[in-house]
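What follows is a set of notes on a single structure, which appears directly below.
Order of writing sets the labels: A, B, C and D. Residues in every chain begin at 1.
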Amino acid sequence: MHKIGICGGSGYTGAELLRILNLHPDVEITAITSEKSAGKTVPEIFPHLTAYKHLVYEPLINEKLLSKADIFFMALPHGASQIAVDYFFSNGKKVIDLSADYRIKNPSVYEEWYKLPHQKTATLAKAVYGLPELYRKDIKNAALIANPGCYPTGSILALAPVLKAGLVDLDSISIDAKSGVSGAGRKSDMVFSYCEVNDGFKAYGLGTHRHTPEIEQVLSSVAQSDILLNFTPHLVPMDRGIVSTIYCRLKKDITTSDVLSIYQQAYTNEQFVVVLPEGKYPDAKHVRGTNYCHIGLKVNKRTNTLIIVSAIDNLVKGASGQAVQNMNLMLGIDEAAAIKGLALFP
Amino acid sequence: MHKIGICGGSGYTGAELLRILNLHPDVEITAITSEKSAGKTVPEIFPHLTAYKHLVYEPLINEKLLSKADIFFMALPHGASQIAVDYFFSNGKKVIDLSADYRIKNPSVYEEWYKLPHQKTATLAKAVYGLPELYRKDIKNAALIANPGCYPTGSILALAPVLKAGLVDLDSISIDAKSGVSGAGRKSDMVFSYCEVNDGFKAYGLGTHRHTPEIEQVLSSVAQSDILLNFTPHLVPMDRGIVSTIYCRLKKDITTSDVLSIYQQAYTNEQFVVVLPEGKYPDAKHVRGTNYCHIGLKVNKRTNTLIIVSAIDNLVKGASGQAVQNMNLMLGIDEAAAIKGLALFP
Amino acid sequence: MHKIGICGGSGYTGAELLRILNLHPDVEITAITSEKSAGKTVPEIFPHLTAYKHLVYEPLINEKLLSKADIFFMALPHGASQIAVDYFFSNGKKVIDLSADYRIKNPSVYEEWYKLPHQKTATLAKAVYGLPELYRKDIKNAALIANPGCYPTGSILALAPVLKAGLVDLDSISIDAKSGVSGAGRKSDMVFSYCEVNDGFKAYGLGTHRHTPEIEQVLSSVAQSDILLNFTPHLVPMDRGIVSTIYCRLKKDITTSDVLSIYQQAYTNEQFVVVLPEGKYPDAKHVRGTNYCHIGLKVNKRTNTLIIVSAIDNLVKGASGQAVQNMNLMLGIDEAAAIKGLALFP
Amino acid sequence: MHKIGICGGSGYTGAELLRILNLHPDVEITAITSEKSAGKTVPEIFPHLTAYKHLVYEPLINEKLLSKADIFFMALPHGASQIAVDYFFSNGKKVIDLSADYRIKNPSVYEEWYKLPHQKTATLAKAVYGLPELYRKDIKNAALIANPGCYPTGSILALAPVLKAGLVDLDSISIDAKSGVSGAGRKSDMVFSYCEVNDGFKAYGLGTHRHTPEIEQVLSSVAQSDILLNFTPHLVPMDRGIVSTIYCRLKKDITTSDVLSIYQQAYTNEQFVVVLPEGKYPDAKHVRGTNYCHIGLKVNKRTNTLIIVSAIDNLVKGASGQAVQNMNLMLGIDEAAAIKGLALFP
């Protein structure tokens, strides 16, 4: 049994790691941290996690934690993650970082968007971007994974095949993304209170969301050409899920069916990506609680535009599920261990 | 007191007309039709409409209805509306048609999208498109109003000022629209049942939604140039509201603040359009139950794109409220009579 | 025009007063207070209240406020309300207090449940409990109204007729109440965040909710005998509304139809209470945004139990709407002014 | 691998069986029926069940189905289930019936509440009521299981310990139950459409719900005395979950802590029943998607009443999960196989 430590375990991604790993045959959770919940058991904070009544939160003291586990999941706020990740990584542990701190390869881009300098650039250079569908081979050999952001996961999986195929104008991409409320984390904030969110819908952060450079970095690499794009997040009155509707201008005449073939081929060996039949489009509810990404698309002949729609669960494929997928790859075990579950529908 | 007849009064737009007109000082409902609810009182069908316990549904028999009212609101399915509208209009009544039958000026475009020939093209030619912010003068003199669709109302109000100002490439417009479930009407359909919709989110009808040619017709007229655009509707787990996020490429360098000035000027005399301050974006919940349209926008300098977001209540400004606004204009009374209410929030 | 001051106007009941009074023909809001929002306009805090862009929040300084209005609505936290209410009342203003501070007649009962002594017992003695259906005559002559709590309003209206008729055992009453989330107020509290509440349902405060003694006080007075009862609140994933399901053992054999007759007679002159036909039960959604109370009931012959169900909107009949109803009565104007609106459905 | 047939697999309980059994190590689904979906694959009906793309719905023809599986789950409407269950059972198959047809032991009580005669009373006599916490030993030896109703599961687990202990008056029990919408099944019915249910709450079926005699039958057996009780179902705007709040008069003076001890002892060996600490009450969201039942309770000293609250997921512990638990017991394998999952929260 591999020993697992979770740093920052009182938020939704931490709870989701516990939910998922509870069904994992090869690991056990040996440590979990939280400053404000230190001394409490997991079910005192999360009554649904009844299987963990003997697991107690402790404060994050790197030195005390080091020997308690072999693999560390870091679910800390960005900034805080920089130092902690570097510590465990430098001391020979496998680290999967769910924060944004090790995703942006260029430290000045990181600083521009996150308003913080990066203090561990040597370690940053060693981090592997943990999107298995694109970087599985690197992940298998990595000791430090920068687990992708929720919005980037949905957007990149939706766009990678068409960019690889060179089918669209690179300056024409607009991503209109819609997220459930858990994307904002677990906290006391009036803006995310029930009465403010329920039965409403809104856009936010137009042109300024921090996931923009992450999406651009990966897609530029895929397209082998610099990409700037529009990314607009919205808040949906639902717990989980991200649906991304993406517009890009086609460079040549092609049918929906032919573009679908390109996607089916691109993802033919990917057990967590489902390319839907022509005329079908994804629903966040169909991936709720799962590690799946569903993709549908349509060529709009009238406007010469390709419209792609993807859906993921932001807490699973967009965070903790993908983190476990990365762990499985790093350990050389079944990539799908503990994340085989089908969606909770309805 | 003007006498009002409502044809097709057992759906959500019919109920919304009753809710709104109950507070109108100058009108009384004298007839309401429904085939399947004939013989029942309004509160038997809609328990919330307690003020109408003496109003009884009757079947729609044009000849019997003609003398019962001076003004007819038609909330019938498209197709069925063609004949009924023509009848009341030809017999000298004022008619406000909430269906799509008299919106599309070109009968062949109508037939292409609605899969039905138009049988009353002479009457069609006399219909005025009932968007007061664009066509107030014509509405005041009209006897037949084609009340705009819900999606078109939100999209057109969001785009008209920038198209009039000639700021954007006309072949670059993508409208990503999100609607509450009441847009689908009141009916028994598993697809819109609670468990299928709640805690989910999906796109539908990519490239094929019938509101597309209606939006294109009006915007082409505003821009004085033919426009084809992308229009993608989505289903939001909420009762009411449409939020439209619109992407268009700017032809010149301009700031968010300057575009906002253009909008503020365009709508300075419009009591139902609110242009939000820079950095603020609309929320469907802030217009819930009202005749307001809220608009926010942002110039994305990095991509040279203007992103506009508008929000309306699909049943009010997108249907019955705008219908009452049109009625008020036709009657020469206070344009805001009965539709002054502020949003039900939360 | 009567001049209205609102003390504590940045919460949901304050916003609801603004929404309602905006349609009132005889009043104008001349002052509104909020400590944390002082200096801001109303739409900066509540974007849906666009009609109030010239109304600016100010801190609550009793002396400065006194001359600004004739009638004061107090929407302050309990405790804080004691002093402020006393000040305006003692200086000759009409006061409607939406807090609990002047509802409990017995200061020691107040102290027991609210854990605070009552410092203004002389003023307390002059307060009239503002439930028009029971105390209309007193309200008309009152200068200080203790506006009823949300749960008590729904429970008392449901039980008063059967208690007056002496039909049930007074020691057998259990009230199982379910409230929308706005009952918790507008605040940053993780417990009421969207993700904690949505798609869930729970009981809270078993046997300890502060509305219990308020319900008991009024019902004991109605029954002219001391009543202790069970009151269990629950949290429903909806914005507004309280549905109370009430169980009481019948003292004699009686049919549902006969009990309904008693209710219809009891409320025959009450425009805001609707007694539903046999076999129909209330839905919170049918009173959403309104001042109505819907009541349905059933005699369970098998168990000799009367089951009564009532529904109100906690922010309207359960708070701000009833406060306006009380104001109308105090001013001798149309009792229904500004609160005639029908429910926003769906 | 045991071969599993599912009769009636296009509803929510059928889909839930597929979701759950997909993770079961010892079984495979070899047949599934649906009249209206015959010929379609499972993901064509349920896009979230991507693991079943080779499983095709077939019409239910008993003779053709018989040899295809060893164990049959029957998710047919009541009435229809009578004959089909009898057929497979009489032909030597293990049968788990999710309908109500084999739950009520007394055929005349069945007929009174279900308005149908029971045609297979000999088989009825052999059915075991599948509530493992009460009847585990019988279930292990059974060939025909009457899987409990959703409401009865939550109510019986909440009441059994206190009835066994003889603590309450048997004529004083009122069960106020609240269910998510999936309890109504998957169908086209306007009453359960999103806009009718969302942001509302209502009671229904007062005194007439068919689960009443089922609850009474089991509890009477537990108490060894005839019980009649009040049972009031309500509809909550959520997908899944039942919370039951139960009132019963105590026969003697006892503390909350002492009653909790009785419950902890009663369920000490039950892995799916969690008795919450004093002051904590269940939330439907904490059992969402799981086979758990959470129970909290409080003695109200003021009224001498015991108030018990339980929460289950109606589709799992209230239907398909419990069915799998019963299957596991019948097969003599790990009782928790495939139903170990923790709740999807949020």
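Miscellaneous remarks
To be clear about the criterion, a residue touches a chain if its C-beta (ideal position, glycine included) is under 8 Å from a C-beta of that chain, and two chains touch if they have at least 3 such contacts.
Keep in mind that what you see is a predicted model, and the values were worked out from it rather than measured.
Chain centres were defined as the mean of their Cα atoms; on that basis the chain farthest from subunit A turns out to be C.
Contact count check for A-B and A-D (C-beta pairs in contact): higher for A-B.
One finds 36 Å separating the Cα centroids of subunit A and subunit D. Per-chain Cα centroids separate subunit A from subunit C by 45 Å.
In whole angstrom, the spacing between the mean C-alpha positions of subunit A and subunit B is 38.
Subunit A has residues 12, 181-182, 195-196, 198-199, 237-240, 283, 285-286, 288, 346 in contact with two or more other chains.
The touching residues of subunit D, when paired with subunit A in their complex, are 12, 15, 18-19, 22-23, 46-51, 181-182, 198-199, 239-240, 274, 276, 280, 283, 285-290, 292, 294, 340-346. The touching residues of subunit A, counted against subunit C in their complex, run 12, 181-182, 186-190, 192-199, 237-239.
Contacts from subunit C toward subunit D in the complex involve residues 171, 174, 176, 178, 180, 195-196, 198-204, 206-207, 228-230, 232, 234, 236-241, 243, 245, 247, 281-286, 288, 296, 298, 300-303, 305, 307, 309, 311, 346.
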